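Dropping the structures in below, format is structure tokens.
First subunit A sits with subunit B, and in the next complex the same chain sits with subunit C.
Here is the complex of A and B:
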């Protein structure tokens, strides 16, 4: 049985076994296999000598390089911070006016600010900071709380309606749901408010504007002001400009007045170091209005 | 159905009914005990499955007993059913793959606002569908065939192989339906929960015993190398599965369980499992397949018996250490990482020795590779095996891994292995095996095999190249700093940069899926033609083309 046959193609002898027609040749293992195995083992051996590898009872072999991934990453982070400190200390030390007057520094700040903004802020405000329904367009500069760098920084740090103790707090009351205004009155004031920013009146709205003006004077001026230009102390929006946080069509404005609104901005001071907040402030302040 | 049942003795039919009854009671208990929990729904799946099968067994219960002459033949019914299941799972698993790939390219494709339709739930249906559904059924079906032929022994009985095959598919169905309901252990490739895991252990032990019992009955003095690979696959997968799935259920009535391990120990256990699943499920088992069907189809002796044996032990020994390369630069102690890296490098040698042994076996048969798409499938599989094992060892090197890890490069690497190696060797073997099983000269249409080959090859290449590009771009974007020492790109920037490659990947996957559909049609037509021939309807409308193949038995 165990007598091999000669294979005509290779000239090799088979092992003499046969399984349902399959035979195996007695080809010796090619030298190249041992060569590669040796090379791979040498490579492994070098790794073992240089790097921490083998577990010992209480410790492990440390390797000749004294390489330790925790120490390495700590060193790298420190080194990176040191490299950045060339300009980050300037950002921390200088005032907003000084920084913005320094184009070279502003270049570094906005470059960094863009990545930071997209990673932290774009989820709500959008990649181009143009916002969306319920999330302010930061490039439009229609500031609810003020557009000075110091004010922006404060907003980022403590948030709006956030969990921070000093949070900015703001609420549009639910005039309809809470029974302060009747539906007709709401329709009147909606017509009036829409007319303030020159929106084309919806059907039948023209007649309501006068009555709405009175409703507005009685209910809305406390926050939005007599001239409806808003009040940055309480985050009340300017109703005369072209920016509409929750939409400008009759239905959207009606819903705003009927059910109220209360947006939310996290207090980033709890998550970001002061440097990052300052960079974000400068970035947001530097944004140019995007052409619609 | 009746024909399949009639292959079993009456005693075996009774055992089958008892097992199915017990199973349906377990299903009922799960449905009752798990009400208000997703486990209840899983119970109904088990119940419907086992009751349905019980009816099928009862339908054939009064069929005449198989006569004694059956013992002079191999028992191939489970292999045949296994082949059909393999093809079904291939189409389903790959279709879900194209679906999730499309979701990545066009997230708005989530057309129903339902949790089950979300990427996170569909993805494991794809991975388990192709690895366990397609790959696992292919391994079981071919292992039964190879085992009997290379042992010259019939399977020891007619019940156990059915228990293994059907029980395994019950595991797959419970797993896949559970994912859609949100049941998962959150362990990659080990998502099924504790009850499914326990069931798989039972099935797997029976599988291993079946293998040993058949080998013990062998008429050959030596055990052919393919059986070594199949046995390593069964044995090691059992060990991996049991250890990684050690967990404590919240209660008997809850699907949820908590792993015995936590933190970095859990991660290390998971990737020891995960990488060895690649090794022993997706490599060792399919090498067993290759060592039978490739020499058989080529009509050539194995290039080197010694090479196949040292490769076997090399793969078995080195793979066990390599899992930690999945956790480079993590909380895992660095010495474990160095071990994983160095053993991954040495692993390349036996891997390439196996691929080389396969390709050198084709010496003297390269003209067949040119003319026969079936053999070409197997040849390309061996080439992709070599390529992806090289890539794997390369990616295990820590500095390389710092670029490739967490990127699509990993996804590309996995698919170079899964599409190029695992699926190609499976399709090649199926095309060889189907005509042998259904007693025909060739597949219904050799031309469709050719079509499938080119679809599969094109799909694999498009997929892998797309993911190489995507992965390396991702890796570079995540480590590019600007003048100020800050990351130059936000994460979103890298997501946007992936879009064209995700479209290309979905297209590559679609090509591969189309090939699988072509295969399914061809297998279906072959089976139908065989049945018609058996009924004596061999007509002129059946193209029987003499191919370059040898008879299997």
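Here is the complex of A and C:
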């Protein structure tokens, strides 16, 4: 076992280890690795000094740069708000009528409004605000609570049946499940209600309409009104128009009367600043029904 | 010179072992050291509330179904995230998360502030078939959650396990876990009152899946999703104080 013996093939020296005649070459870590390792250490040392790093006894080293991700992002958000303030202060200061009369401002509002709408509202109301079963079509303008900008703003801010203390509250009672009406009576009133908006009667419905009218007069007029035009104070829908939030087929209307309905609009006042709510209101108010 | 250093260290077994231990412990130290000043890096949130048994069961379903593989629960300190999702996540918000579900990849959106963003009915429809409410969604369906009865008999043990790792559940909470899980999803039952009593008046007690007659896995998961980001007001306060500086 010769330490440092020169290997004849590679010209390298050996470590002196030998197993069954096989000797191990001495292969040190290449210098370049040490070089990069050293450079990495130097880099780390510089970072230790510049950025928050080490725990001290009561606090941690804050670094010479005073770097703080939270402060940075807060500053960026504030900067962005300041950059937009050219027109956002106008939005906050002006009335809805004034803003809507200003096409240049409305252009900015609807551009921002669309992004906000897609982020916050589109999951339920759809990208084009056309809603779906259980989620109102905002473009159709069949407003349950009123379609004035002020009313829309209120609905966004406090929600419907939401966690807000001042929430709008509305409930379609479960006339069947809670035993207020018998199945036959429900079928009657369903036939009557469907006839109000001119839907083609289902088989056997024609005979029920007359009886249904009486059931309606006894049970439904308190909220939906004697003319069935609804009541925006309690969010009761107009039953004579062509908009059916939960479906217009016999089964869907039957389920509505039997089990009741209670929609839910979240409490956006807790999540969105007043400016965003105003922009969304203007956006929603500006929506037009597009032909399918 | 590297050659000499390497020859020396490799010929000294004890020295080499000590050197390995020394270098490896740097890694350990770097992980442990931040805990020395944890009182400075984790915020205080006196209003931080606990997960109810039903929410904890929902959290377990969230883990079971692998939701964390596609959804993160961590809003980073970046402007686009703050503007889209809400105030950035604070460490204290994960105080009672064992294990934490921050996630590392977003195939779907971040869920850290999903609570109270959509209605229960939306969540139920979305779980049964995401395409029903979001046509472009690629999320799988989880319809069975609405059919599966929730297993509630062992929830006391889940609470006890969480208590063992530092979540301050009281003995009364552990003892009543099954009853509270049932009560939170059945607002008209006698068990409902105990939930608000033990977990605070702000606890949401309602039939999350829309059917008060039975407690399903859907009830649990929706209850959990609706509480995400609402365990404490601290992130909102933090943001407004940071803005005031």
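List of remarks:
As a working rule, the second predicted complex is superposed on the first by the 215 of 292 C-alpha atoms of A that agree within 3 Å, B and C clash if a C-alpha of one lies under 4 Å from a C-alpha of the other, contacts with A are read in each partner's own complex, and residues count from 1 in each chain.
Methods note: a residue touches a chain if its C-beta (ideal position, glycine included) is under 8 Å from a C-beta of that chain, and two chains touch if they have at least 3 such contacts.
This is a predicted model, so every value here is computed, not measured.
Of the two partner chains, subunit B is the only one that A:43 touches; subunit C does not reach it. Legend: residue contacts after superposition of the two complexes on their common chain; A:10 is shown touching subunit B, with no touch to subunit C.
In the overlay built on the shared chain, the residue A:119 is in contact with subunit B and with subunit C.
Touch criterion not met for A:66: it reaches neither subunit B nor subunit C. When subunit A is checked against subunit B and against subunit C, the one touching more of its residues turns out to be B. In the superposed model, A:184 lies in contact with neither subunit B nor subunit C.
Judged by the touch definition given at the top, the superposed model places A:31 against subunit C, while subunit B stays out of reach. In the overlay built on the shared chain, the residue A:78 is in contact with subunit C alone; subunit B does not reach it.
After overlaying the two complexes on the shared chain, residue contacts for A:20 are found with subunit B alone; subunit C is out of touch. Look at A:265: by the touch rule set out above, it reaches subunit C but stays clear of subunit B.
Contacts of subunit A with subunit B, set against its contacts with subunit C after fitting on chain A, overlap at residues 15, 26, 28-29, 54-55, 60, 69, 80, 119. Within the complex formed with subunit A, the subunit B residues making contact are 149-150, 152, 220-222, 224-225, 292, 295-296, 300-308, 310, 329, 333-335, 337-339, 341-343, 345-346, 348-349, 352-353, 356, 360, 363-364, 482-493, 550, 553. The touching residues of subunit C, counted against subunit A in their complex, run 2-3, 6-7, 10, 33-34, 36-37, 40-41, 77-79, 82-84, 86, 88, 113, 116-122, 125-126, 132-134, 204, 238-239, 242-243, 245. On subunit A, the positions that touch subunit C within their shared complex are 15, 26, 28-29, 31, 34, 54-56, 58-60, 69-74, 76-78, 80, 119-120, 123-124, 132, 134-135, 162-163, 263-267, 270-271. Put simply, subunit A touches subunit B in their complex at residues 1, 7, 9-10, 14-15, 17, 19-30, 33, 36-37, 40-41, 43-44, 47-48, 51-55, 60-61, 63, 67-69, 80, 83-84, 87, 108-109, 111-112, 114-119, 122, 127.
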